[in-house]
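Both complexes below contain chain A, partnered by chain B and then by chain C.
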Partner chain A sequence: MKEDIILEVQDLNIEFHDHIIPETVVYDFDLELKEGEIVGLVGESGSGKSMSALAIAGLLSRKDMKKRGHIYYDGKDLLTISRNELRSIQGNDISMIFQEPLTSLNPVKRIYDQVEEPLRIHTDLDKEQRYEKVLKILKEVDLRDPEHVMKQYPHELSGGMRQRIMIATAMIMEPKILIADEPTTALDVTIQAQIVKLLKKLNEQRNTAIIFISHDLSLVSTLCRRVLVMKDGYIVESGPVKAIFEDPKEEYTKKLIAAIPKIDIDLGNGLQDE
Partner chain B sequence: MRYALKKFVTMVITIIMVTLFVFLAFNLISGDPVISILGTDATPERVEALRRELHLDDPVILRYFRWFFNFMRGDMGVSYSYKINVRSMILEKVPVTATMAIMAFFLMIIIAIPLGIHTSKHQGSALDRTVIILNQIIMSIPPFFSGILLTFIFGRVLKLFTPGGYVSYQKDFGSFLWYMFFPSLAIALPKATMAIKLLRGSLISEYNMDYVRTAYSKGNSTNGVLYGHMLKNAILPVITFLGMALTDMIAGSIIVEQVFSIPGLGRILLTSISNRDYPVVLAIIVIISAMVLLVNMLIDIIYSLIDPRISFEE
Partner chain C sequence: MKNRIKNINFILGASIICFMALFILAGKILPLRDPNAIDATLKFAKPSLAHPFGCDNFGREILSRVMQGSLSTFLIALGTVFIGTIFGVIIGAATGYFGGVIDEILMRVNDAIFAFPSILLALLFISLLGPGTYQVVIALGIAFVPSFARIVRGEFLKNRNMDYVKCARLMGASHLRIMVIHILPNTLRVLLNAILIGFNNAVLAEASMSFLGIGVQPPDPSLGRMLSEAQAYLFKAPNYALFPGLALILLVLGFGLMSDSFEK
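Our next item is the complex of A and B:
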């Protein structure tokens, strides 16, 4: 493995066996993720992008499913290590945020408990140290009045705030890799821009590598330098965002680019704060 | 505080309405307490005299108000057939029925919660399949019959208790509890099977929720996700059911008391209805409906404590 590559996915195949005929949803997925890099993963619904991401995060464990290939992290193959080893990486080195922040948060637990949970699982910090850390991370994700928010429940917060909570939870252990599975799809446009900006800030400050999954090419182009285009389980095109935008090789990529509404989201213009 | 007051007022009004309906119902059905006291061959003069003595010739509403105001003063009247004070007669029976209901309730929880969790976690395992089959069988047996079955198995075959050998709680509390265990089990079993089914289904549907995936993504173990996240969500519908089951156990102890020959509230309620012993019937109904309403209120409060999305102030 090369020096600065922290995650290497080789020939990842995901097959479902829940019907008589097995169905492959991801074919020969390859990815090399460098430290601190942001890679975009684009494609339409059902293209296999979320499945690949869930596999990397170790969250695909259905019995009727087969995974082949290798996911190397820190010299270990995440597909073959034990559940306990995998758990010590989950939420610690690799964490994930999801599309729908409301349902992704536990409705009957206070925000504080949910953000603090990775600390309780992965560290021996005492109560006060944990509190300090939670407060710090809530400030870092630009939440107003964090002392109040941490006592609230998910249903009392707005969509943007909930996604910030999700990001705070995912970032509290300062992971090497953050997988963001359509984190802005359920949010409205101004909030989308804020979340993307926040992810970029965290990436720069902490050097966390991000796998950013989206079907929105315009968002991907503002955030990522490199992009992978997926269709029907295959990676059809990959390379620097700029090259792909200016000179798409595949018909499918051209169509995706053509589907972008012609409105520029300027991240520099007063959209930073709620 | 305002909520509690409002709830209390509604409770009192409900109980008053219930007693009024019971009064009216007794007026509509045939049967005469005087005949059941004096026997069918009593002379018309004696019947007439006793009628006047018990104020049975007065209009229903007048009789109701007379009963109501006496009740408010703490005077529940005198039983027609037993000729003793209703209050002392009933207060003596309340612990019997209450013990049975509470014991049955805890037995239900002790059986249902662990089995519900276990079967949802190990779907399709041998235990899971056994429990499903047993559930179907137990659910289809009515409590009076399971009472007879339990009496036969534990009383006649295993000789763990003497059928019909009820021991009063005033005499020997330990033996009383031991005897009550079996009728409680008879009431608890069918409810427990339903609670297992409900909790199992509720937990299984929680497995597919997004927050469960989030919990795993934090590095939780399966038990961490189950006990730390899912149980609190999955238990909500079960609590509603447990509350309903408890009220059912209080009100429905009549049949099982009959099967196990336990002199509880249910038993005297039954004989008092057939004797048209109004004061006793009314007093028991007030007590049972008060217990049922109290349990319902408690369930509301517990529910709002667990689920922050539900505020019980409304």
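Our next item is the complex of A and C:
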């Protein structure tokens, strides 16, 4: 059982030190991620879910923030290994996609160059091999006409396409872990469903573990098997999605579930006749 | 519509610069008189077919002197902007991207240099290095670094916290790679504008330094030096001041129009 755990976070505390009074934003965060598992991380804004994710991705500044605890990946503690070692893991084994796909793409670079970037950093493939890989991944994220999209700039694409590009960039190195920080928040509902479907497909095909961060519980319930609920920096509840939905222990979780919008519009008699 | 006007500005500016480039090139190719050759019989010769721009107080050909002078002004401006841009980008990128102590130290030094008018600063360097063409390039170049550094720093500061930089870091890109490959291309629009304006300022600064007699040394011609020499004969030979002045105006106007077209 222990073998297929690929990421283990123990007692992670994150403290901001850029003001005079230190401020703790995450307390005692624990997480065990199994290979190929999708874990949901839910909570309101400011509950510390993004911070925990950024810490796992190794993106938090080492200067302003004090982190206690351990993040074990592949036997190494990501909080203490050297910058170079961390860099070789970032993008290669752990990837991340963000909420806003427009600002996540470099506005002055063509799509091809951006998707290709991880290959340039982590591999010695030649030009043709890189092109093949980019084309393959763009097809895999269900982009229509990838040869054309490659030559375009981010502002020429729609939000959904941009998010697909982001996913392609994150997935091109076939990482073990993908952290998705509210990847669908900036998109409209139909596109949301497509992106979620795409993430699920990639998860099944490549056995990539996904940490899915969202404040949308209904989305989490369709995608994840296990969920962690965060509030004010603490994990208040965790367990299988089904158990938490059917029998929430915490008051806060109940409130979150109650906040899922339900469509019960009275359509009136005129429409129900048919 | 507005875009069209900007484009016209660019085309106009570029044409003027092309014209000046051809003019300078013609001075190298056409078999004109040596710009430094003195001929007493031609003293203050009026513009004619043989001497299109006339001759100066030593009977030197003004046409070939303006051509030669434009070239040296152009090259000095180029060198100045080159030094300013290279060091400005390096300092601006480092301070803007890393912030912290490096930022504080370098930007305070920058402020100190910035506090002096660039001509005064250049005068200071000239008095240390001695007058001459290369010294002018170095002096003006150093005086131009702070303004470039400030512009580039602002752009890097703006870009370093953008999500795409975060993504690049996440891909495992090193700091140098992020700075050069990811952020620098995003600063180009602003940088290009700054380069063109800097070019303008450099042309004027070189002319003023030569006008004061600390730039290009006689007998070599320079637009500023010619203007200062022509002062004494303004009424006797107005063409002496007119043509170098015209060349200077065209250079500044051309770059000015081009930089205008880059503004939002």
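Here is the rule we go by: the second predicted complex is superposed on the first by the 260 of 274 C-alpha atoms of A that agree within 3 Å, B and C clash if a C-alpha of one lies under 4 Å from a C-alpha of the other, contacts with A are read in each partner's own complex, and residues count from 1 in each chain.
Rule of thumb we're sticking to: a contact is a pair of C-beta atoms (placed from the backbone, for glycine too) under 8 Å apart; a residue touches a chain by one contact, two chains touch by 3 or more.
The structure displayed is predicted, hence computed values, not measured ones.
Asks: Once both complexes are superposed via chain A, do chain B and chain C end up clashing or fitting?
Replies: In the superposition, chain B runs into chain C.
Asks: Go through the superposed model and pick first if A:T169 touches only chain B, second if only chain C, both, or neither.
Replies: Both partners, chain B and chain C.
Asks: Should A:E117 be classified as contacting the first partner (chain B), the second (chain C), both, or neither?
Replies: both
Asks: Go through the superposed model and pick first if A:H155 touches only chain B, second if only chain C, both, or neither.
Replies: First partner only, chain B.
Asks: Figure out whether A:P107 sits in contact with chain B (first) or chain C (second), or with both, or with neither.
Replies: Both partners, chain B and chain C.
Asks: Contact-wise, after the overlay, does A:N92 reach chain B, chain C, both or neither (first, second, both, neither)?
Replies: A:N92 contacts both chain B and chain C.
Asks: Using the superposition on A, tell me which residues of chain A are in contact with chain B and, in the other complex, with chain C.
Replies: Correct list for chain A: 57, 59, 87-92, 95-96, 98, 100, 103-109, 117-118, 121-122, 166, 169.
Asks: Write out the stretch or stretches of chain A touching chain C in their complex.
Replies: Interface residues on the chain A side: 57-59, 63, 87-92, 95-96, 98, 100, 103-109, 117-118, 121-122, 166, 169.
Asks: Hey, which residues of chain A end up touching chain B in the complex?
Replies: 57, 59, 83, 87-92, 95-96, 98, 100, 103-109, 117-118, 121-122, 153, 155, 166, 169-170
Asks: So in the complex, the part of chain C that touches chain A is made up of which residues?
Replies: Touching chain A from chain C are residues 100, 162-164, 166-174, 177, 182, 185-186, 188.
Asks: Which positions of chain B touch chain A when the two form their complex?
Replies: For chain B paired with chain A, touching residues are 209-211, 213-221, 224, 228-229, 232-233, 306-309.
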